[in-house]
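Structures follow.
The two complexes that follow have chain A in common; it is paired with chain B in the first and with chain C in the second.
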Partner chain A sequence: MTVNTMKAKRKFDMGTFIRANITKSPLLAIWTVALAAFAFWFVGRSMIARPLLTIPVVIAWAATIIWMVRAEINKTHSPTTLWLKGNLYNSITNALLSLILVVAIIGFLVGFITYAFFNASFSEDPAIAKEVTEAGQLGARWGSVTQNLENLLVFSMKTEMYRIWASIGLLVGLSIPSLIIFRSAKFNRSLIRRILTWLWIASPFIIFFFLRGVGEAGGSNPFYAIDTEQLWGGLLLSLILSVVAIVASFPLGVLLALGRQSKINGVPWWLTYGTAALLTAYLIVTFTLPNLEVAETTGNYIYALLPLLIPLIALFFQKGFKGNVMAGACTVFIECIRGVPLITLLFSGILLLQLFLPDGWEPNKIGRVMVAMTVFSAAYLAENIRGGLQAIPRGQYEAADSLGLSTYTKYTKIVLPQALRIVIPAIVGQFIGLFKDTSLVALVGLSDLLNVARRISSQQNWLTIRTEPFIFIFVVYFVVSYAMAWYSRRLEKQLGVGVR
Partner chain B sequence: MAMDKSGEAIVTCVDVNKWYGDFHVLKGIDLEVTKGEVIVILGPSGSGKSTFIRCINRLEEHQEGQIHVKGTELTHDVRNIAEIRREVGMVFQQFNLFPHLTILENITLAPIHVRKWNKADSEEKAMKWLTRVGIPEQALKYPGQLSGGQQQRVAIARTLTMEPEVILFDEPTSALDPEMISEVLDVMRDLADEGYTMLSVTHEMGFAKTVADRIIFMDGGKIVEMNNPNEFFNNPQHERTKLFLSQILNH
Partner chain C sequence: MADIDPNTTGSGNSLTSKLFDIRVIGVIAQIVFVILTILFFAWLARNTVSNLGKLGDAQFACGDGTSDYRCAYNFMRGAAAFEIDEQSIPYDTSDSYWRALLVGALNTLKVSAWGIPLTTIVGVFVGITLLSPNWFVKTISRAYVDLFRNTPLLVQLFMIFFILFAAFLPKVDEAGSLLGIPIYFSNRGVSFPSLEFMPNGQLLRWLLLGGFVVGLIVWYVLSRISYNTGRDTKGPFVFLGILVLSGIIGWLLSGNNPSTQSIAVPDGSAVGVFDDIAPLVEARLGIPLEDVEGALADGSLSADALEVGQLTVCSTLDSAAETNFIEKLVDANIPYDMSRAPSSKRFFREFDAGDCEIAVAETTVFDEGLTAGSVLTLDEPRTVLSIPRFIGRNFIGGGSFSAMFAALLLGLVLNTGASVAEIVRAGIQSVSKGQTEAARALGLSEGQRLRLVVLPQALKVIIPPLISQYLNLIKNSSLAIAIGYADFWSVTNTIVNQSGRALQPILIAMATYLTISLSISSFLNWYNGRVRLKER
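For the complex of A and B:
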């Protein structure tokens, strides 16, 4: 009896259905009618343009709806019909949207495939390419990309390919044993594993040596120094810049984060007095002694002896100053860097860096851009890491303190391992952003991936060709960024061992 | 270790005062702990008992008075603090094991880095203590894989492997499920029997009655009453103590 009434209640009711989907409110009624009209127009247009693809879609749509509705009315749902009901057709609006989206995606794919393959020319001869693509409606001239592939990937380093092969060889040579040694528990804590870890840590430096080189050309050293500003470019430059910024900013970011957290008040005595002693000695030699030799009046003597006041000032400073210099300096640094856009920093790096460096030390444009990007990345990294530090419970610090661990051990063994693990997703996200931000160096005149792609349109062979190179760099940026995101997810899972 | 209550003072506190801003938490605490003594500190919450034992290893800073541990005074000098922390072990309410290290690494970290023992010795001593607290088979697991009672026993082993002169217990059983309290109390009872010097803040009256040499009752940041367990429970002197005991013993 009760079961029957419940069944009767749950039975499909046309009135309820129409009320819920159309006549609940005037707005909903207008929306549903408008959407239906749009779907009719949109699908109709698509049917005229691509009848062979659109008609089967519409038939499949109608058939699955009828199947689903019949199952709903007769209460004979199978997993498939339930999935259809839950995901595609749970209301009139969603049923219409599903149709519109599928038709739109088909339209886009057909258009793109026609452009990229059927109407496209793969010839590197501009004349043939022009002929082929102008016969059809709209087609890609991939020759613009394939002919410039070396430029896009390595730019002028194509004359120095052995350096790139050496680097790739190193990476592959490290990866293959890593796959075995890091995967198997047998090598946990073994010496070979430690050596491999150190080699990985050293690899960015070795690769930098391969790519940049040291010393004069002409000797027995094949990796002599090259003019990086002229030769580096394309994807290679983007990768170098982002990896250098990532590697260099990491320790800097950790130090900044710890510095901003520090609770040390005042300045250590050795720092104040050491600085004062050096400064006094320097001034006595360069200022006091020459002035004493030519001094005539008492005023001259007093003037010459002024540097002797420095120790006194240092003494007062040491006794009186109780502020937290470390935290203050780190905060100012971080906020100043975060307060300006990267492009501003790049220009400052190019124009102003020289003022802070000693004479005779003139890094080229690439070096300056590296400094700017490292500093930029470090400031953001510091804030991410600080977030991780704050997530460590106070009990961890207390346990480390009560065991008598030194501050150094406390941070390197207890706090940082846990804090860094927490912020891996944030750090990887930041590094992906940094890799994409390397496209900004095009604005200061370096030939990165974006700049090379842009310049193709001014080559004699490929005048005004823009789309194809941009599609290519879209794919390159996406593949590299996605690879990083994928690796980060894997790393998180791996490091998740034993988390509470 | 035999019962050795020679009267040598391990911890000496003279007129210890502490404020949190305007709030006077500790009001002139005087206490002398002799070697091998087991002291249990009782009191209502907010009476300053946890704060007091946390002052002894400088997790909290006292502002007035002196604390000496084995003749070393606790001052701002980091060398003194380091020396005292080597000799004072602490077991926390929330265990505070390091979740990213295995049980064995948790225990050997301080011996290797603070005591500068070599790894093999440290591991041998760690295993000895893990065996003593009854869970040597858990050595290679991570803290998250252990029950609360097991974690607390690991925390005790971690503290004892450092061979401290005095062990502070800060409500070691308060975060445990009832059926796990006894396994931790049994370990503490064994340690007391062996003559370890212990200062324990706890709410376990049974433990206080049977194990303590002295019971301290604190309220409002002061030591209200201090006596042996028999006198303390059967013949309390102060009204405040009587009220406290009637409240906890009657329910």
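For the complex of A and C:
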């Protein structure tokens, strides 16, 4: 049966049409009339401003409607007219909306293209750029972006480009054989496939070595250690930070998820309460009483009374986690990190991390930010992995137990491989989130993509130029995130996770 | 469930199997874990103590000159000594750091309180348009959602603040009204009309607010009754009825108090009552007041002549009396020039120096500091509709959002709205098609179908992630620091810089955000448990 014969059964009736589109309710009638008036006014305005573009649109709009209506009345629908009927002209309202939106989109596009191309200057000479754009109405000075392209992408690493080429070379070198080996079933259990997998797993570490380097400059070592705080920046820094955060947080996240999920027998209640009571009593005598004597302010009193929190914590721990120390600690860690904004963690990393480290450990700003982002990422990753663990059917655990597998083997060979497979799309999603969140490091003074774009407006050549760099990084962020999101959706389909 | 079930493993009797019994391993693992954790924290604490020691005793200085950890927060009572641009409660540089933090917290609250309802509106609207049968509507909504979900909020905020507000919106003196409604967008922010309650109308305001809350509760109870019994309880009408009734009662009860606002005139002024002002100005200008605008337009009255002839007024900044007086002047067509003093001291200095013919303020202000001149009581209505007007270099009257606040709000709403739209779309799609068909088969109208069949089921799916999005909005408002809006985190950061102490302010900020997050997520857990129970 073809589409034509299927649809042709219903007969077109003018009365029904009018009732459904206009006279069904007074509200609908008012709405339709108002929308028609607005469409008339809006299209009329556009017609005056851009007649050459608007008139063909209106003609095309009218022609397709007539074409569709004729097909509807004569029952001679083709796939195109059916699509028109279903997607653009389902009702009078929708037909009008379609027209208004097309005209609006054209208006927007014309405005943007005029700004971005016709009135724009692509010269890197600020004087020429100024002249060109000030002659027209409003034009982009793309020179601000092209001149800073290296800064935006790799910042000061432009002097160390061989490191980046080495990293890209490694990735390409791994990708080409992967295309063949991971695709064909012939290599399913072969050694070469295993080696390749391990190389992929090792690649972030190798690239990190390429980019950061080890050892002194000079000598025969081309990958000597560089000052990352000075050199890393731009898109490169955003990518490094997000990859480091996700890779470094992975083991921590798995442990946290397993810990939170664990159901091992807890500390017995008498032990918890007993310890808490003893500790409280001891602290009241040695801490609270002396402090209460010298207390002057409300804050001093609160400080003195802090030991009274211990019984409360014990109660919460015993009631909430049945004495399970591991689950308790992991849950508290996860919830505390998830409960505060990332920016507070970043500032803590910059300002406070140094306080917790012993003498001699002085990570630079990038290192501190990495720690903060790893901790942040671990908490979210743990929740994602916990979701995966919960999705594993109980039968899998029972089957593993009945085979007599040890707990370690059960988790590494049965549970985790399945759980991780389920959460891969969620982890990609989290990676996208991290990549977007790296823009926050601009606020603590690192030269990431956003900050480089922001600083262009204070360059001598491009004073106050903000729009163009921002549009550029907006597009970069969008393309990278959207590509990954698209890949994640594809992966989800392949793994069959989406069907939940 | 991924648990290690004690009943499925290790039930042997020998010593080795007992040792490897999962229960024993569990206990050992926990002991090891506790010891490791304690060691780790002890290590951190030792480092911290030694590092704090290096920072100097001043960090923990007590009032009596000694130094102790208990005094870690004593510095917060000292003067903050920095300005905050936006404040919901009175604040000046001599107030304490605590007060500054409170101002910041209220600013965060303000942006969240505006943002959450607006996000809901945007999200629900776009969520529905994502399912529109119209291809263009669907595609445009999809483009919006994808664009805003795949770019960082911070970049969006910068673009809104630096491109939209700073470059595209007109300068403040060129701001035009929006389609004839007196709403003005400019690079300094947004100004819009607002309904101001005078001291005389406070009772009306509280009764209206109370009526609104009580009405909502009654509506909720009625809808529960309706849900349980199937009767139509007409909740919305009862709600409206309660609101109108409380408004009427409030109107009748308020407005009878003596006026709290006054104007002062210097000794020897021709003004004895408010109605004397109009003839005075009219005499100076030489034309009827109704014709001033026309005369200005056709050139028969020069701007200089108007400047000489118009009424000069002094007021204290943003007082209710000022709003009331301006609306009265506008009603009487009296042209005026306004000088607004930020403090009452300056206000009186200007008045005593003869800078203005009339000073307007709350009566209590005059009682305290007026040295010469006479005070006339100003007629005070319950409410005044205050409209923004461009006077001098700024908009005066009405409500206003600063550019920072407006940009932050817009960014948060657009960003969170995109996520909410996806949630709403998924929620609506989660209701199976059979439900719709069944509702149609029962003869329900389209409205009934949405209200009684689709929405209740969709809401169960929508509400938990929706609340997480609200939480995200509150947490993301901390990005305000990037565009200079003085929210909680931004004030915290200023305190860190100002006081030279990092640990204490950051701990306060984190604890506050944590409290908000944990209370919202525990509410969410409670709600989820309740909804899930009902399904069974």
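One rule holds in what follows: the second predicted complex is superposed on the first by the 420 of 500 C-alpha atoms of A that agree within 3 Å, B and C clash if a C-alpha of one lies under 4 Å from a C-alpha of the other, contacts with A are read in each partner's own complex, and residues count from 1 in each chain.
Criterion: a contact is a pair of C-beta atoms (placed from the backbone, for glycine too) under 8 Å apart; a residue touches a chain by one contact, two chains touch by 3 or more.
Since this is a predicted model, take the numbers as computed values, not measurements.
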item: Chain B versus chain C as contact partner of A:Lys75, first or second or both or neither; value: neither
item: Which of chain B and chain C A:Lys413 touches, first, second, both or neither; value: first
item: First (chain B), second (chain C), both or neither touched by A:Glu398; value: both
item: Dominant toucher of chain A (residue count), chain B or chain C; value: C
item: Touching partner for A:Lys24 - first (chain B), second (chain C), both, neither; value: neither
item: Partner chain in contact with A:Arg194 - chain B first, chain C second, else both or neither; value: neither
item: Chain B/chain C common contact set on chain A; value: 398, 401
item: Residues on chain B engaged by chain A in the complex (per definition of touch); value: 57-59, 82, 85-86, 88-90, 92, 94, 96-100, 102, 109-110, 113-114, 141-145, 158-159, 162
item: Chain C residues within the chain A interface of the complex; value: 1-6, 8-9, 22-23, 25-27, 29-30, 33-34, 37, 43-44, 47-48, 50-52, 62-64, 68-74, 76-77, 133-137, 140, 146-147, 150-155, 158-159, 162-163, 166-167, 475-476, 478-479, 481-482, 489, 493, 496, 502-503, 506, 509-510, 513-514, 516-518, 521
item: For the chain A and chain B complex, residues of the former touching the latter; value: 393, 395-396, 398-399, 401-406, 409, 413-414, 417-418, 421, 497-500
item: Of all residues in chain A, those that touch chain C in their complex; value: 86-88, 90, 94, 97-98, 101-102, 105, 258, 261-267, 291, 294-297, 299-300, 303-304, 324-326, 329, 335-336, 338-341, 343-344, 347-348, 351-352, 354-359, 389-390, 392, 394, 397-398, 401, 407, 415, 419, 432, 436-437, 439-440, 442-443, 450, 454, 466-467, 470, 473-474, 477-478, 481-482, 485
